[in-house]
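What follows is a structure written as structure tokens; I'll ask about it next.
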Amino acid sequence: MRRASAFIEDKRSRGVWLGGALVALVVLTALVGPVVVTADPNRQDLLHVLAAPSREALLGTDHLGRSVLARLVHAARLSLSLGAMAVATAALPGIGLGLATAFAGGWTDRLLTSLADAILAVPGLILVLLIAALSPGAFWPLFLGLSLTQWVEWFRMTRAASRSALASPAVEAARLLGFSPWHILRRHVFPDLLPLFGTLGAFGLGSAVLALGALGFIGFGLRPPTPEWGLMMVEMLPYWNEAPLALLMPPVCLLTLILGLQILARR
Amino acid sequence: MTPRDLFCTIAMLLGATTALAQEPLRVVTPFEIASLEPSRGGFNFTRMEVAETLVGADDEGRAVPGLSTAWTLSDDRLTWRFTLRARAKFHDDTPVTAEIVAQCLERARSQPGPLKDAPLTEIRAVAPDVVEIATSTPFMPLPAFLAESSSQILAPSSYDETGAVRRIIGSGPYRITSLEPPLRFEVERFEGWTGGAKPAIERAIYQAVGRKETRALMAESGQADLAFTLDPAGTDRLRRAAGVAVTTKSIPRVITLKLNAHLPAFADVRVRRAVSLALDREGIASAILRSPEAAATQFFPPTMVGWHVPGLAPLRHDPAEARRLLAEAGWAPDAQGQLVKDGKPLHATLRSYAVRPELPVVAAAIQAAERDIGIDLDIAMMNSSDIPAGHRDGTLEMGLIARNFSLVPDPIGTMLADFGPHGGDWGAMGWASPQLTETLQALQETDAAQTRAALRGRVSEILQTELPVIPVAWYELRVAASKRLDGVSIDPFELSYRISRMRWAD
Amino acid sequence: MGRLAAVLGQRLVQAVTVAVVVSLLSFALVQLLPGDQALLIAQRRYGDDRVTTAAAEAVRAELGLDRPLALQLAEWIGQTVSGDLGRSLLSGAPVWEEIRDQLGATLTLAGAALGLALLLGPVFGGLAGLRPGGLADRTGMAAAAAFRAVPSFVLGLVLMVGCTVLFGWLPVGDSSDGLSLLLPALTLGLGLAATSARIARDGVVATLRSPFFAFARLKGLSRTAAILRHVPRNAAVPLIAYLAVSFAFLIEGVVVVEQIFAWPGIGHALTHAIEGRDVPMIQATALTLSLFLVLLNALTDLALLLVDPRRRG
């Protein structure tokens, strides 16, 4: 109902269009960008480092003379998929366990809830740093670390929201009528949870990309010359004064994406 | 009222600052006080002139008086006698005695550090103010070894009951007033110092700041009076800032390519020369290090007088010659231009480490240059300890490193460690030259200036022809100093920040 | 009161469990880390120029790193239970002294950032919530998105450059001076303030739409009186819950900020300890931090019990 009314109400539909356009812009950049911008993101030209925007490099070049635009669009693809993967690895166990506990209740609920509490008390920083140090520069420890620290948030929110959905009279009626749990889930619980997943996912994606950058900054993340937004910012930081555009483009892309997702997710 | 005044007034109202006779001098460097142990973090305290060593070194690396004002060498050149400075005392007002000095040196010898490898046989106090050091063979660079910070002399009250250093009670012109490791300590002038004229700077603050961007901004805003180890991009901006003077000084540190000559390809001197000829050192120096003079034309930079040989034929950039040499050595390009010999491609993994920010960038430039002549390099950015680890287990193929030749202010110390008969963790690998070993041995034992100069030149020539390690660029130390400071000078051996020689301009 | 005791008892059990799990986990993970521990310690101790295999062998012998793992673990447990956290393998100083100083610095920083969020969040959130869709609301949303998109190392740099260029002055790296807290706290706190403003805004909107608010108006209370009476209390619950969780994240988010502003905190210490394989330091930091987080959770429970009568049951 709520979503339908969003399209009817003029003001809201404008928001949806704006949000959708912003998200589409970034996603298209990631999908089509590398095809349109043919320059090699790793090709160096030491004679033209930190050059101003020109016809060959529309956004100028970085400290190794590589095209900032080419790196930006290649990074879009990698950063978005890394962020999405990180969100997925955190969301799947979180949602699954959250639903399971909400359905089962009883000791399953108590056990998993106190486990989640206990994990929340383990300093995520230590976990992420130790796991990232296991295999420096590789992808999987980063996912594992981010997932281990973020699934609890998904778990708690899913559990709370689905419990309140399960307590509704409609669900009670469906149960009495003998509908399967799967049916109840699909018809009564999921529709209520979707906006929540949208919000969590939007923020999770942004945080994941920033977390990758932060890990790179302290020397625990991905390694150059991988074109990735977080790493690009880290690499360009020393040249903030000479190539501010190169440093600010990744946050601008990220801002576009997050703003778009946030507008879409607004109730 | 400027915003700065306003903020300061507020701060004063809050009681955060107090009025003082003379402003402290603020020194900012990237070096943390990781430990108080002389062999680990001790250099911070000798550089800030809190702790002293027996001897020091001038800009050419010649020994000058420190805590010891005079020394003699016996006729057989095996026994040294160091006389301590008269009335020298520690910051707790106890006298510096030969007994304490001998104990400190014995302690330094038992820890990893340059002194451990020196051929010393005995250190003892022969009079209240005379320390005698005996060596098994003539060892001319001994004073340089004693100038190194792990040989610093601390008062007995510096140690706790387990023998660990818990305070720094030194004998230098400055004494510590507050010690907050790992980032900060404050010093004030020690009125009981007898080593020279009373320093003009009364108080100083040492602050470690890891990020170079932050250091540069602190210098620009006047928050740091002396900021060390700035990067090229930051220095360019600082040069335009009012109130800051930027100084660069060439120091005895060289970016080199360490090659594993156990590998058949690199065992061939022609391949090593080709690797060197492929490098566009001037391009690297001007684009990355932003200083064309940093391009290494030979192993040692011109500031290392005697070791640098002005007449030596410089290392060149000549890809055509490199290809010719490789062809001569039996390497032929395949369809993709990749060099192959006996069915095996010319491939190596280049290890480097990111602690020194220019290394990854230089590594990337080298990779591109070598690809041009058909040598395929993979870059692996690792921890710096992976260089000695790879040397030991033989897995290192190529390493890009920044080697410091002034661990002790006489490069002979590092040369012995790097180019001995069995190579060295940070030097030659799978390569040795009897002539070089002999020359280094002779250098250790002779003290005739002429012979020494000739021998040093000889070392450079051998390295230039054989290229067991390929020099890429020479290092420059960039320092920003406030224009309110007079008498700023930079120690190329990084033994001291020399604040006792400075004074406020007004 | 029975509820109170139950909450505290539960947290106490959690503290013990977490302490055991975290100790074992960090020990196991450290053992799994790649690289030769002795070499890495030697590198951190003696620096890049002096790390050699000889120095590593000296370290190995000094610290007994070739002893069986079980023995090393048993020793550490025995020590810890008797209240001795050991000495740092890198600095040689007692671990407890280092943690005490560094945790203090980090808490000061995180506390300042939290204070900033508590100061700004409700004010801007309230303004936005009273007129949903208005100018304040939209600006707030854009700001929250912006602070989520700009990494703290870029934000920190922007603040430093702004300060230097505008005022010719930069309060950084002087921990004796309260002013040096300003920029790092802003860097950490602005994003938090923006997000907590959003949460406060949602709380306000929800309260304004609630039946009891409508009832209060029907009772004849003026809009202002009704707002003052109902909104703060109801909007506070999610805000407290959020800020409690974020305080935990703050302590962790400080790593980057500490590095930029040369702040001698725990994040900084931890990265060094992990790189240098300083096992006692890693384990003690993990233990202290996790116990601190449990304490924080307990305090949050108490705060929520005080604010929200429904929970007292």
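Chains: A, B and C, in written order; residue numbering restarts at 1 for each.
Note that in this section a residue touches a chain if its C-beta (ideal position, glycine included) is under 8 Å from a C-beta of that chain, and two chains touch if they have at least 3 such contacts.
This one's a predicted model, so the numbers in the text were calculated from it and none came from an experiment.
Enquirer: If you tally contacting C-beta pairs for every chain pair, which pair wins?
Expert: Contact tally peaks for the chain pair B-C.
Enquirer: Specify the chain most distant from chain A by Cα centroid.
Expert: B
Enquirer: Nearest chain to the global Cα centroid?
Expert: Ranked by how close its C-alpha centre lies to the overall one, first comes C.
Enquirer: Just give me the whole-number Å value for how far the CA centre of chain A lies from that of chain B.
Expert: About 44 Å, centre to centre.
Enquirer: Just curious, how far off is chain C from chain B if you go by their C-alpha centres, in Å?
Expert: 38
Enquirer: Taking the mean of the CA coordinates per chain, how far is chain A from chain C in Å?
Expert: Here the centre of chain C sits 21 Å away from the centre of chain A.
Enquirer: Hey, what residues on chain B touch two or more of the other chains?
Expert: Only 213 qualify.
Enquirer: What parts of chain C, by residue number, touch at least two of the other chains?
Expert: 157, 161, 259, 275
Enquirer: Tell me, which residues of chain A touch at least two other chains?
Expert: Only 136, 219, 237, 240 qualify.
Enquirer: List the residues on chain B that touch chain C in their complex, please.
Expert: Contacts found on chain B: 2-4, 7, 11, 14, 16-17, 28, 34-37, 39-41, 111-113, 116-117, 164-166, 180-184, 205, 207-211, 213-214, 217-218, 220-224, 353, 355-356, 383-386, 388-389, 391-392, 402-404, 407, 417, 424-426.
Enquirer: How about chain A: which of its residues touch chain C in the complex?
Expert: By the definition above, chain A touches chain C via 11, 114, 117-118, 120-126, 129-131, 133-136, 203, 206-207, 210, 213-214, 217-220, 230, 233-234, 237, 240, 247-248, 251-252, 254-255, 257-259, 262-263, 266.
Enquirer: Once bound in the complex, which stretches of chain A touch chain B?
Expert: Interface residues on the chain A side: 44, 46-47, 49, 63-65, 136-137, 219, 223-225, 237-242.
Enquirer: What residues on chain B touch chain A, complex-wise?
Expert: So the residues of chain B in touch with chain A come to 212-213, 231, 233-234, 236-237, 280, 283-284, 287-288, 354, 357, 360-361, 364-365, 368, 381-382.
Enquirer: Okay, in this complex, where on chain C does chain B touch?
Expert: Against chain B, the touching part of chain C is residues 35-36, 39-40, 42-46, 48-56, 58-59, 87, 90-93, 101, 157, 160-161, 163-164, 166-175, 177-179, 259-262, 264, 268-269, 272, 275.
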